[in-house]
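So, here's a batch of structures to check.
Paired with subunit B in one complex and with subunit C in the other, subunit A is shared by the two complexes that follow.
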Partner chain A sequence: MKVETLIIGSGVAAAALAQRLLAKNPNASILMLEAGRKVKMQDAAIWQDYVVSGKLPYTQYYDLPYPDRDQPGENLSAGTTAVPLDGSRALTYGGSTIHWGGWSFRLKPEDFALRTNTGHSLDWPISYADLEPYYSQAEHYIGVSGDSNDPTVPRHCDYPFPAFPYTLEDQPAAEAMAALGMAYSHLPIARHGITDTTSRHAPCQTTGTCKYCPFGARYSANNFLDDMQNWGNFPGLQIRLNSIVQEISMRSRQQAGGVVYLDRETGQQVVVEADRIIVAAGTLESTKLLLRSRSDHWQLGIGNDHDLVGRNIVTHPYFIFSGSAPGNPLKLQPEMNFPTLCSRHFDSPAEQAKGKFILINPPGSPTVNLLSKMQAGVSRLDMDRYVAGPRQIQLHGMVEIFSEPQNRIANIDKLNHLGMQETLVDFGQAAGFDPRMQEIQGHVQRLFEAMGATMNAKPTISWRADHAACTLRMSDDDSEGVTDRHMRVHGVDNLYVCSNATFPSTGAVNPTLTLAALALRLGDHLNHATGQP
Partner chain B sequence: MTLEQHKSRLYPLLQTAMELELSTIPPYLTALLSIKREANRVAAGLIRSVMMEEMLHMVLVGNLMSSLGGKICLNQDTLPSYPLRLEFEGHGFKDREFDINLEAFSPQAIQTFLQIELPTSLARQPQRLMAQPKISVPGITLGEFYQRIIGALDALCAAYPESAVFNGDPGRQISEQYYWGGGGKPIIITSLAQAKAALEVIIKQGEGGDDSIFDGDEHYFDQAEEVAHYFRFNEVALGRRYRPGDKPHEPPTGEAFAVDYQAVYPIKRNPRHGDYAAGSRLATLNQQFNRQYSLMLSQLEQAFNGHPAVLYDAIVNGMHGMTPIAQEMMTLPLDDTAGASHGAPSFEWIAPPYQQA
Partner chain C sequence: MYQTPAKHPLSAELPALDDATYAAMWALFCHIGKYWQNMPDPEPFRSQLYSFMLNRINLRPVYRDYYLFAAATLRGLIEQHGEDGAYAFLFTDTDANKAPPETALAVTRQKVANEFMALQLSLGGFKAFGAINYCGFIGGANIPGQAAPYRTLEADHEG
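For the complex of A and B:
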């Protein structure tokens, strides 16, 4: 088999890139190889099952937990800080967009100059201004609802959909932030709203079942890819599922020739030749694929002459502060089941050297479970008393951490339950992390006080690998980065990586919108390179 | 005659309009799904876009009925049955004197679709494709039919205040919150002008504007100019897109596209449930499809009659589930003989459980 463009993976990066290539040339020859299978979406029975039992149809495609004494598990956590993989990604058609929350933040201009500003990690080889037009395009592509007047980042183009309104439940946090002079704003979220133009993608109906949207209102790459296959006139687009790419083969040191993949259905190894290859398989798999593609041309793995591939991994520690307020006179209850208020007040140049952070007012902080109370036969009067009684308060957030070369990922010579090579994660939190969390706690403490709430002693912190990044960083200097400013692997003419792995740093925000913007930018770059208008 | 009596004379017209719009969807869906994947994507997209607009027309008619305080019926008695010849006041429509079939994507099917959507301005002579109508008394044309609705509304509003004519609760109509992406957005009707705007959309999307191939709905929907239904099917028939400047009486001069009538499942024309051997996979699937189709129509009936949120159930339970069943049916031959026809849904009624006595 021979194709022009081979894309490994089928998540947001692959979908946005393919969309951009096909927009210019509907006949482009593109093969997408996805290791995972298809999960049925927008299905009434699965949705009802989820509503009733909480069961989601894609969790079987999560990594298993690390081995412990009770279960064999998979993957290996070798460092001093465990970065859990289970639940952090979905190994399926559509990638992790199948389960993501849709939070769609842009990085801020100062994030692109992290080393210049702070001495940490690397600068991006491109600026915010370079990426800004693509941020707008990405917001329109994935369908973000947001506040176009939010001054947090400069923008030249409005969001396609207006922000979801703040809920009544946001009120205490909003008032506390206002009283303390902390800026807050609407959380931009990739959920379609009502539009004047016709759209195949339904507007959010706020059913509160975002983990399995019955309408496909939240961006999910598989819905978009299905749409391209079913209704796009793209004769050269092929998507193969159950196809685990084992290695990239090199024609010469500068030329990738194709890949070998395992067809999980037939058990056969299949060779594909390609004019160019884009690895868009998420941070972990993209990195591991380069590492295990060893040949005489690249003895340590492709792009790894400087021993950078897989190093410098970061993720976002996600913290949850809890507390309690004595009463709930407004009888606040969760409304949307997704957050609508965030604060990027500390996502600022002043905080950059210490590690920027954002705060999220989560939905559902009151923990009165009306359903279980009703099931327990609690009377209306008692129910009212519960609802108006003491209330739990939470504030969530995430904080930027900086790359360190000793933090790394690699392949393990063992297959996971899906037949893919397992992952070694060797990570240790930096010495400065705990003091930084102390500072953050101080800020949150003030907010809790302003809300009339008492904080529980310590936050819970999850290091889960949802936002794993920076293992194949972009840099103009090949001794510092694996990829160049167009995400091309240094030293190879026709091999690109389109993944969070190429981020030189991640700021304090979710990476997906930035990745979508980079994918659209790469699409333009490749269209230009092949002489497409 | 009281206002209510006047209105009750108008209701049957709107009910017929609903049935007219609904009746086109099974044939369009059948032709669309008979096309094998990866072939005929342009043609498939065009058929689908027309079908979606017919769904919008149902919503617009439903809203008009609701705005007047009337009720829509979608049940066993109003279900279209194929081959279909629609009647109004005991007569066939003058411009629908031919059978509409459930059949595979083919030149004949496209010819029928062209006849269904034929603009009045192009209908110079009576076009008779198929059999003669059973009843020879000439009926009215579709254009005249919709004009009669507009005329009746005008008369009502001349005699009574608009607020009394359109006294239905607008909250019971279907808004964009419940209907998206299907060929435009619904119009909530509380005035004569809005009622006419809704009917105008139905007429123009179907026929095109006077002496224009375009459907003229871009002002309503802020969308790119689209050619009207007849011309979209003509694009399929001729394998070429229209472009701005093209005239209704002349062939399209835009980009050519491939149409492959071979890349189609050879499905049985106008299938009935009895065509499928008892206990066969096709019988099971057809049963499943019809159950879902009937339930969906009942849900649409509820949605049109004041419970718009039920449209969610119609979409998620019904529409989303019907396509994969139909697609599987179309891959299965009726029997083992060489060249046997394939299955297709029969679109027959199975009373939803809650309606069964």
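For the complex of A and C:
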């Protein structure tokens, strides 16, 4: 089998890239190989199952927890800080967009010059100005609702949909931030709104069940890929599921020739030749594929002559501060399941050297759970007292950390429950992390006091690998980065990586919008390279 | 080739639930609103309850047995406690919430009544507690120039 473009993976990077290539050439020959399977979307029975029991139909495609005394588990955490994989990604058609929250932040201009500004990690080989037009295109592609007048990040084009107004639950945090001079803003979120243009994507109906949207209003790559297949009239587009790519084969040191994949339905190894290959399989799988693609041409794995492939992994520690407030006179309670207020006040040049952070007022704060009370048999009178009574509040956030070469991932010669090679994660938090968190706690403490709340002990911190990145960093210098400014693997003419793995740094914000922008930019680059203006 | 079928293959082979079971489940749903005084008129939601029950059976055929079992259990409870007393007992008995359910009462509470409570709240029962939107409630779109389908900070400040 021979194709022009082979894309490995079917998440947002793959979908956006394919969309851009097919927009220019609807007859383009594109094969997408996805290791996972399909989950039925927008189904009433599955949605109701989620509403009444909290069960989601795709959790079977999560990694298992690490091995423990009483459970075999899978993957291996070898470092001093555990970076859990279970729950961090969905190994299925559509990739992790099937479960993501849709937070669609842009990086800030200073994020692209991290080393220049601070000495940490690496600069991006492109600037914010280079990527800015693609940020706008990405916001339109994934359907972001946001505040076009928000001055936090420069923009030349409005969001496609207006921001969701702040919820009343945001009031205590908003007032506290205003009192302390901390800027806050609308959280840009990938939820389609009302449009006067033809769209197959339904607007968000604020059901608060975003983890399984009954309307497909929250961007999920599998919905978009289904649309492309069903309605796009793209005769050369093929998507094969259950196809686990084993290795990339090289025609020569400079030319990738194709891949070998395992067809899980037949158990057969299948060879595909391709003119160019784009690895868009997420940070972990993209990196592991390059590492295990060893040959006489690349004895340490493709692009790994400088032992950089898999190193420098980062993720965002996600912190949750909890507190107690004496009463809830407004009967604040979760009315949606996504946040509308964030603060990028500390996502600033002044904080960059220490690690920027953002704050989120989560939708579940204050914690009011009507259902649990009813199911416990609590009377109406006591429920009314409960709703208006003392409440638990939270503030969430993420903090930037910097790449360090000893933090790395690799393959383990063992298959996980889905038939894919397991992952070794060797990670240790930096010595400066705990003092940084204490500093952050001081800021949150002031906020809690301004909200009339008492902070409860220390925050919980999750190092889960949701935002894993930086293992195949872009750099113009092949001794510092695995990929170049167009995400092409240094030394190989026709092999690209479209993944968070190519980020030189991740700032303090979710990476998905940036990845979508990079995918669209890569699409333009490839179209240009093949004479498709 | 969906891997998570929305219709279990066994569901197609099952006989339909009888009218008496539907009536018993409807009565249970109505009594949730009566006990918590949070849904004065449940009638508009009758078809949604039936649709919900069919969806549960389609996804997991055992739900047909749960509903039949619950209807029988409720008949016994009503004989024993009277109508209002039976539902109050079902909703408040602490042993009935012990997992896993090992008694007729516990199955009725955990597999049927507790799920109906979740459904009832998401269909509008939550409004009695002060909010105008809720997770699972189809609140509506964010339309420029119109009030948001949830309580907002802006509206509160304006008002």
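Here is the rule we use: the second predicted complex is superposed on the first by the 531 of 533 C-alpha atoms of A that agree within 3 Å, B and C clash if a C-alpha of one lies under 4 Å from a C-alpha of the other, contacts with A are read in each partner's own complex, and residues count from 1 in each chain.
The criterion applied here is as follows: a contact is a pair of C-beta atoms (placed from the backbone, for glycine too) under 8 Å apart; a residue touches a chain by one contact, two chains touch by 3 or more.
Not measured: the values here are computed from a predicted model.
Putting subunit B and subunit C on the same copy of subunit A, do they fit or clash?
fit
Once chain A of both complexes is superposed, is A:Asp49 in touch with subunit B (first), subunit C (second), both, or neither?
second
Quick one: subunit B or subunit C, who's touching more of subunit A?
With both complexes superposed on chain A, more residues of subunit A are touched by C.
Could you tell me if A:Tyr134 is touching subunit B, subunit C, both of them or neither one (first, second, both, neither)?
Neither partner.
With both complexes overlaid on chain A, does A:Pro235 touch subunit B (first), subunit C (second), both or neither?
First partner only, subunit B.
Given the touch rule stated above, what does A:Arg200 touch, subunit B (first), subunit C (second), both, or neither?
first
Once the structures are superposed on A, label A:Tyr219 by its partner contacts, choosing first (subunit B), second (subunit C), both or neither.
neither
In the overlaid three-chain picture, find the nearest pair of C-alpha atoms across subunit B and subunit C and give that distance in Å.
Nearest C-alpha pair, subunit B versus subunit C: 5 Å apart.
After overlaying the two complexes on chain A, where does the subunit B footprint on subunit A coincide with the subunit C footprint?
43-44, 194, 203, 205, 214
If we count contacts the way the header does, which residues on subunit A are in touch with subunit B in the complex?
Contact set of subunit A toward subunit B: 42-44, 47, 194-203, 205, 214-215, 229-235.
Could you please specify the touching residues of subunit C with respect to subunit A in the complex?
Going by the criterion above, the answer is residues 1-7, 32, 35-38, 51-52, 55-56, 58-59, 91-94, 97, 114-115, 117-119, 121-122, 126, 129-144, 148-156.
How about subunit A: which of its residues touch subunit C in the complex?
Residues 37-40, 43-46, 48-49, 51-53, 57-58, 145, 161-162, 164-168, 170-171, 174, 191, 193-194, 203-209, 214, 241, 330-331, 333-337, 370-371, 374-377, 380, 383-384, 387.
What does subunit B use to touch subunit A in their complex?
Subunit B residues touching subunit A: 37-38, 41-42, 44-45, 48, 176-177, 180-185, 221-223, 257, 312, 315-317, 320-321.
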